[in-house]
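Shared chain: chain A. Partners: chain B in the first complex, chain C in the second.
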Partner chain A sequence: MNLKRKGREGEGLTLLERNPQIVWRNEKRREEKVLQGLEAGEDVAEHGTVILMISGMMHQLNLLGGMIWNLCDGSRDEEQIVDELLKEFAVERELLAEDVADFIQDLLKRDWLTYG
Partner chain B sequence: MAVDLLDVPLRVSWDFFSDTDSSLSGEQLLQIATALTDAGLFFVTLENRPLKHPAIVPVINQLLSGGCQVTLIADADPDQLKFLPELPTGVTLFLDAGACVAGNRLDQQQLAGFFQQFRNLQLTASLLWLPRSGKLPLILDFILFCEQNGVPRFKLPNQKIDANPEHSERGLLPDCKDLQQFSALLNQAGLPKTSSLQLEVHDLFLWELLQPLCGGERSEYGGCQAANSLAHVDHQGGLWPCSSWPQSLGNLLDTELWDLWQSSARLAVREQITGVPTGCDGCRDYQICFGGCRGLATFCREDALGRDLLCAERR
Partner chain C sequence: MADAITEQFSAPLTFNWTLSYQCNFVCSHCYSRDEVAEELPTEKIKQIVDLLVKQQVPFINFGGGEPLIRKDLLEVTRYASDQGLNVSMNSNGWLLDHATAQQIKAAGFKSVGISIDSADGASHDDFRNKNGSFARATAALDALHAVGVKTTMSSVISRFNFKDFHALLDLARKHQVTQVYLHNFKCSGRGFKNREDLDLTPQEWKDFYVEALQVKNDTDDLLISFDDPVIASLPGYEENPLVKGSSCGKLSLHLRPNGDITPCGFIPLVVGNILTDDFEELWYNSPVLNHMRNKEAKGKCQGCGVYQDCLGGCTARAFATTGDLSEPDPHCWK
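The block that comes next holds the complex of A and B.
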């Protein structure tokens, strides 16, 4: 992993947490439908399961993004998040870790996530 | 990623009183507030004389404790504003300036007096005005007023219509002729200069004209959000797709919001919104506006074109 902690590099903090200014919620009904689609082999990457409101703009996270978002509660580092996701998805760890790293990097850049 | 069908709305406007001053009991209002917070709504705007209701404070407390961001629209009415000191902190306040407009003139002195009442209470309020036919040039007066009086935000909301659109003073709704005249005025006079005013315009076509003052993109605009991220609660607890779509989907006093939002009536509204209105067929800009306000187009157009009331023609 070559992620760098934004703004406070070198302090050794690795636990990921959501920006508390962001209001968000899980779309449970949507998630059920997306999971059904996934089971049926459909491409569900473009379907949102978590809604976030940021500066008046609505954003959606897809199933994997939403799961990562939910896991970023300040109690897990990136490796632990990958561990949790491996319980849900039958996928090689290396591939999953790459996707998780890209997603987290993107959210850190947007200040939606921080290290705490 | 396109906006999917949401489980429940994100934003709800909520009328406390009818035009004839009837309302629910405090207990019933709290039941609705609880239904909204339990459903996970983000934003609730309290409208139609909420300050007059004796249960306003417990209702706001319920909404805030449930994680909702609360906005309250206060009328320019001394009898209502006297209840301002009782409001909990954390509520975003708007003053509806409608009562300060007489004919085509804005009574700036009267409006400034109301804003002074807020300041005397150490409260910050923003300005709200519902654009009316023949009066769009007043928008420029309001912008200048905000600049001169340190009002931080100015909002031009959507046109609320009654369950029976015939009662909604249809003649007062701005149309494309109003917009053309306003556009000509702006071309001639130019937009006023503003420093830090935050201008929010609900109508897409009006927003186009004022966009240099609004800045940025339109919030969450992927087409009409009635019956998806938007909803409206009337003074009896009835749930509507939005305040410009006069069709009740059921009542929050006897049915859960979650169930009403999965009902066939709600899905039919979304199905209708998914279709391209006849009057938009082949329009170059459809992928920008998606037909604009579908509620007003459905219930208030004289023809069956289904195009936004402020849209003059296909582009």
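The block that comes next holds the complex of A and C.
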């Protein structure tokens, strides 16, 4: 299911927005540690840097997920989010775009993100 | 969980905040009713709110005492919610009529929990030593619902109601409550004095939870929550995957009326004062908090197959009965 296309064609909406019902927090210290780990070549994919509280349950987003989450403030579409992330990560655009698309699709399905 | 709590969390998610120990009730089970502490003036309370905002604490829950007795409760709530804090409270409902419900809504409360310990009015009044309290508590739920404030219901499970929890759930449905907390009884304060009459045996706790977990998993029109780590060994349990054992001192802290911080309302160990001590220093380095976060198995917990999930059960109960944070929870049936 391509929700992004659906949003575009259906309502012309492309800007990604966090569900305002979700309470969340950046874990700054944690993020610093994870960034250090990343530089040292460690696998940090499982380490949460953003926590979300949803219906009494807690969820964590890893570094990339957390960055995407922070960027979904209603001012950017998916492409622009990839643009922003490319400033931080030295990876091929295509690869990054794929990861970003997967992540966003997943969160759209969960209603944690919407097109605004 | 490989990472230490403070590596994951730079501050608790919730502050349970007692603004005052004053109360218009004298419930037989109450952990806090006999406590006294100096209270802070409004501007100091606002200073604390600023600090919580700075530390990115997302939730505060006012308890007590009866929060509605503090005249500045609504003002403080408005101040906190204006800064993005999610504010809730627990109340016995006595002072909560329709007009107050409207003010509560206007102050920005995200939800309000009303304590109801029996679906039978006379029994509730008896348990809470207050005639007419059931009628007022249910009216409070209705008034809040009518003005559009989300309601929850808190019921402390004890000898007096453990066989009737189904009726409590039906009562919650009748009053359009979104979530029911079936709180486990803590032998603190008056609850400690009256524990012979109120506490269940470990086997009774087990039987209660086996049934209640089943009901919880079969229920989809009402959220049912327990906050009892000792149930980690039971089938069907899967709450709070990020933190094992008691969440006090890890996900939550408690504030006393004078700004003293304790791990939770049930553990009377002061780790410092939020107004006079450096919060980060306390959060990262308090020996009490770190002890609670890194408990070591003692007694029968040593060699217990579920220790990794249960971590000795409720730290407050262990402390209240043995004076040692690491002893096994006295409710444990293993």
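As a working rule, the second predicted complex is superposed on the first by the 108 of 116 C-alpha atoms of A that agree within 3 Å, B and C clash if a C-alpha of one lies under 4 Å from a C-alpha of the other, contacts with A are read in each partner's own complex, and residues count from 1 in each chain.
Assume a residue touches a chain if its C-beta (ideal position, glycine included) is under 8 Å from a C-beta of that chain, and two chains touch if they have at least 3 such contacts.
Everything quoted here is computed from the prediction, not taken from an experiment.
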Should the superposition on chain A be reported as showing a clash between chain B and chain C, or a fit?
clash
So, A:25: does it touch chain B (first), chain C (second), both, or neither?
both
Check the residue A:62 against both partner chains and state whether it touches chain B (first), chain C (second), both, or neither.
first
Looking at the overlay, what does A:87 touch: chain B (first), chain C (second), both, or neither?
neither
Which partner does A:53 contact after superposing on A: first (chain B), second (chain C), both, neither?
both
Quick check on my understanding: which residues of chain A belong to both its chain B contact set and its chain C contact set?
23, 25, 27-30, 47-48, 51, 53, 56-58, 60
Partner chain C, residues of chain A touching it in the complex
23-30, 33, 47-48, 51, 53, 55-58, 60
In their shared complex, chain A is touched by residues of chain C numbered 3, 7-10, 13, 56, 58-59, 86, 179, 223, 225, 239-242, 251
Complex contacts: residues of chain A adjacent to chain B
23, 25, 27-30, 46-48, 51, 53, 56-58, 60, 62
For a test of understanding, state which residues of chain B touch chain A in their complex under the given definition.
1-7, 10, 40, 42-43, 67, 69, 217, 219-220, 229, 262
